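Below you'll find the structure I mean.
Labels run A, B and C following the written order; every chain starts at residue 1.
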Amino acid sequence: MTTPTGLGHHASEDDPRIMLDGQIGQYEQVPPYPPRTEREAEFYSLRDGEMFLNMGPQHPSTHGVLRVVLKINGENVVDLDPVLGYLHRGVEKLCENSDYHHVISQIDPLEYVSSLFMEWAPVMSFEQLLDVKVPRRAEYIRVLTGELLRVASHVLFQGWMALDLGGLAPILYSFIERDEIVEMLAALTGQRMLFNYFRIGGVNGDLNHEFMSRLGDWMSRALVQHEANIGLLNENEIFVRRMRDIGRLDGETAKRMGVSGPNIRAAGVPFDVRRAHPYSVYPELEFDIPVRGTGPAGGDSLDRYLLRLDEVRESIRIIDQCLHNMPDGPVMARLPRLMRPRPGRAWAAVESPRGLFGTYVISDGTDQPFRMKIHDPSFVHLQLVGMLMKNNLIADTMAVMASLDPVMGGIDK
Amino acid sequence: MTAISKSLGQVTTAGKVIIPLLLVILVVGPIATYLLATVAGPVIVDVLNSNLGIVRFVVAITGVLLFSIPAAFIIIYMELKVIAFMNLRIGPDRVGPKGAAHSVIAGLKVLTKEDFSPNAADRTIFTWAPVIVFLTSVMTFLVIPFGPGLVGAKLNIGVLYLFSVGGMSVVGLLLAGWSSFNKYSLLGGLRAAAQVVSYEIPLTLSVVGLILLAGTLSVDQLAANQAGWFTNWYVFRQPLGALIFFIAATAEANRTPFDLTEADSEIVAGFATEYSGMRFGFLFFAEYVNVFIISALMTTFFFGAWNAPFPFPHLTVALDPGSLGIMLPIAIAVGPLLVTLALAVPFWLIRTKAPAWQALLAGFALANLLAFGAIGLLTYISWDWVAGLIWFFVKSFMFVFVFVWMRGTFPRVRVDQLMGFAWKWLLPASLLNLFVTALAIIVVKSL
Amino acid sequence: MDRSLKARLEARLADHLAGPIRQRHDQTEIRIRPADLLEVMRTLHDDPDFDFTIIADLAGVDTGTTMQVVYHLWSAKTTDWLRIIAEGMPREDPRIPSLTGLWPGAEWMERETYDMFGIIFEGNRDLRRIYMPPDYASFPLRKDFYLPDDSARSPGGGARHVEQPNAPVVTSTRAPRRTVRG
C-alpha cells in the first residue's frame, strides 16, 4: 500500500478510502493521514460509542459545497469539523492579476445571493486609493439597490430556514419575493444574479423607467407581503420549538469570535457597520438597528431568524427614504480609463446581509492591485457552528447552520 | 392450391405463423369450450364450492395487491398536485391530462432503473427488506371493510391483526437501514425503530377505548356499529381517542411532521439512502400505501366506515322490464330519441339564433347526463355495497388530503421532541382516555 | 480621520511602534514588530480608552521582500478603523504569535493566512490548511508562486506528499515577480 493521500484527489485501488469486498472493517483511520495538529488528533480519536458521520460535500442542506465531519454518539453531536475548500477558486489571486475594473466582476460571484455588496466594498476601497468623490445620486442608487438586495437575501433566508427544518412551502413563497426584486434589478443592470453594476466612481447607468415602475409596484405591497410571509412560519409551534434555545450565542463570545452582521445583533450587540462606521449616505437616512437576545444568555436560532425579518422592515424604510430624497445629477465621477493609483493601502467595509464584508487593497502603483484581501462574514460565522453545535442533536446542525446564514461561495473564496 | 400458396408467399414470416394458428384456434376453441362447459365445468365449480374459504382468501389477496398499486399511484399524483397548488406551482402536467399519468410513468421509470446494491451491503437482507416493508403494509388491507361485505377476511380479531401486521413493517425498515452499510441508513433505520415502537403504544391504547365501547375486535363489526345518522360515529364518543389515533398513525406512517426516518435535510434519505430501482420503488410505494391505510383506519374506526352520514332510503326497486312485452323494444328505440328532442326544445326556443343541430347536441348531452344520473342513483339505492364503497373512498381520500396538506405545511419535529411527545403526552392521554371510557361504561351500566 | 486617536496611540504604545502612525481617509495605521503583537493587541483590547473589541479582518501580505500580517480593528471610541501591521517577518520562516487567546474567532483567519502564505501562528492549536488539500505543498498567495510549476508539484501533477505540520516554508528559488515598498 502506498502512502495514504489527502482528500478527494485521484482515488485509486490502493487508496485506503476505497473499500473492496473483504476489506470491511479495515476502514478505521479517518482521515487517512497522520493528524497534523493537536486539535485534529483530538477530533479524530473516538471514544466508546462514538462514530463519524460525514455530511457533504454532496448533502441537501449544507448550503453549497461544504463538508462537515460530525462526531456523533447516537443522535448527539459530540464534536464537528467543517472541511472547506471544495469551492475555492483563489479569487484573491485572480484579483492580483486583474486590473481595477476587472476586480469588480471577479469578486461579484463570491456571495451569489447578495452580489452587490461584494462589489460595494472593493469599489469603496479603490475610490479611497484614487481619492475619487462619488456623486451623491450614485451613492443613493447604491444604497437603494443594496437595500433591495438585502431584502431579497433575508427573504430567501426565511425560506431556506424552513426548508432545512423540513418545511417545503415557504421557500417557494420566498422565491416569489426574491424573483420580483431580482427581475427589477435585472431591468436596471442587465443581469439577474451577478449584477456587476457598481463602478469605481459611481454606478453603471442611471435608474431607468422599467426599474422604477417595477419598484413602485413592489413597494406598494412589500410590507403587506412581508407580513404574510411571516405569518407562514412564525406562528408555527413546531418551527418555534425547533429554533428556541438552540445554538445560544452571547454578546461577549460573539465579539471574541469575530462575528458581525445579524448574528452579532441577535446576540445583543448593536454592531452594524452602517451605523458603527458610517459609509455612503447612511448617516443621512433614518433607520433603526434591530437588536435581539440582549439577555445575559444571548440569542438563539430563533432570535437570529426574527432579527432578519426585523431588518427587512428597516430596509424597506431605507428604500422609501432613498426614493424620496434621491438627488439629481450625474451617476459617475469623471475618471481616466486606465487607473494607476499611487502606492498605498486602503480598507473599506460594508454591512452585507451576512455581516461585515471588507476588502483590504494594497496598490504598488500599477494598474493591478498588489494584494487584495477579502474578508467574508460567512467564513467567520461558520466557525461558530462547531462551538454552538456541541452536545446538540444531528437535526440541530441544520437549524444552527441555517440560522447563521452562511453562503459557501464567500466562505471558500 | 396455387392461389393459397401464392398469397401465403406474400405475407411476412410472422403472418405465416399467426394465420395457421388462427385457423387452429378457430377449430380447437369451440371444441375446448364445449368440453369445459360440459365436463370440466361442474368439477371446477364443485372444487371451488368445497374450498370457498381458500378461494375467497386468494381472491381477496389478489384484489388487495392489485388495488394497492393504483391507490398508491393516485395518492402520489394527489400529493404532487396538491402540494404544487399550495406552493403556487403547476406540478406535473406532461403525461396524461393534467399530468394524471405522471405517477404511473414514474413507477415504470423506477422499474427500468438499475438495481444497485452497495459492495459492503448484506445482499440477502438488503434485497428482502423492501419486500417485507411492502407486504406488511399491503397485508393490512385484508381486514379493512371497503363496503358492506367487501372485506378480504372477516376476522373476529381484526383489530389485533391490524396492529400486529402494521407493527411488523418496522422490522423491514430496520433491516433496510442495517443492511445498507451506510451510516445515514443506519440512523434512519434506528430512528424508524424507535419511532414506530414508541408510537405503537399510544396508537393501540387509543383504540382500546373504542373496543370497550363496541365490545368487539372485529373491524367489520365496528363498521356496522356506526350505521345510521352520523352521530353514531365513534368520533363523537371517543374524540380524544380519535385525536391520539390520528397523531400516532401519522407517526406510524412516517409522514410529515414525523418523517424523521427520511429527513432529507438531516440524514439524506434515511433507510432508503442506498436503495435504487424497484427496491426503492417498494419502499416508496409502501409509504403511500400506508397513507391510504391510516386514512382508511381513521375512517373505519372513528368516522363511520362505509356508512353514509345519514340513513339513506334503501330500496329494492322492482323493475320488471319483461312485463312491458312488445313495448320494451319500442321504448328502447324511441325513448332516448323522444327525451333528446324534448330536452332540445327549450334550447331551440331560448336561443333562436343557434342552429338546430346545436340545440340537438345540447339535448343529447343532457339526456345522457340524465340517463347516467338515473342509473347511478338506481345502483346507489339498490346495492348497498356501491353506496358503501363511495362513502368509504370519499372519507378516506379526505383524510389522505389532510395528510398531504400537513406535508405541504409543517416543518419537521426533532427526534427528542418526537419521543418526548409520545411518552410524555400521548401515552398518558391515551391512558386517560381508556380510564374515562371504562369508568363511563361502568357508570352507564350501573344506572 | 481621528487626530485624538493618533495622539492616544502615540502616548500609550510609543515603545512598540516600529514606524510613524499614518492616517488617511477613515483609517489609522500603526506598525509594530511581530514579537510585540500580543502586548499591543491586549492593550488595544483591554484598555478602556481604546476598547477595540471587534476584529474586522486579518490579512497576510507578501511584500516580495518580507512578510506582514495586517489586522483591522473597530472600536466605539473612535471613528477610524485601526490597522495594525506586524511587519518584518523573514520570508523563509515567518512566525508570529497567534491571536486566538484574545479573539478565538481569529483561528480560521490564521488558518487561511497560513494556508495562503505559510505564516506560522505560534499558539494556534489548529493550524492546518483550510482551503487547499492537506498534501498540497506550496502557498499560493506568495509572490514567488508560479502556477505552472507549482501545479506540477500539486497532487494533480502526480506527486503525493503528506504535509508536515509546522514544516519550514517551501520556498522557490525564483525571485518574486512583484514587490511593494513597506
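By our rule, a contact is a pair of C-beta atoms (placed from the backbone, for glycine too) under 8 Å apart; a residue touches a chain by one contact, two chains touch by 3 or more.
The structure presented is a predicted model; accordingly, all values stated were derived computationally and were not measured.
The chain with its Cα centre farthest from the Cα centre of chain A is B. Chains joined by the most contact pairs: A-C.
When chain centres are taken as C-alpha averages, the shortest distance to the whole-protein C-alpha average belongs to A.
Centroids of chain A and chain B (each the mean of its C-alpha atoms) stand 48 Å apart.
Taking each chain's centre as the average of its CA atoms, chain B and chain C sit 68 Å apart. Remark: chain A and chain C have CA centroids separated by 23 Å (rounded to whole angstrom).
Residues 2-10, 31, 33-34, 36-40, 84-85, 88, 90, 92-93, 96, 128, 255-260, 271, 276-277, 343-347, 349, 356, 358, 360, 362, 364, 366, 370-371, 373, 375, 379-380, 382-383, 412-413 of chain A are the ones touching chain C in the complex. Chain contact summary for the complex, chain B toward chain A: residues 83, 86-89, 119-120, 181, 183-184, 187, 191, 256-257, 259-260, 263-268, 407-417.
Per the touch definition, chain C reaches chain A in the complex via residues 24-27, 29, 53-57, 59-62, 70, 72, 74, 76, 79, 81, 83, 102-109, 112, 116, 125-136, 140-141, 155-156, 160, 162-163, 165, 178-181. Residues 19-21, 24, 51-54, 59-61, 75, 162-169, 172-173, 176, 236, 238-239, 241-242, 393-398 of chain A are the ones that touch chain B when the two sit in their complex.
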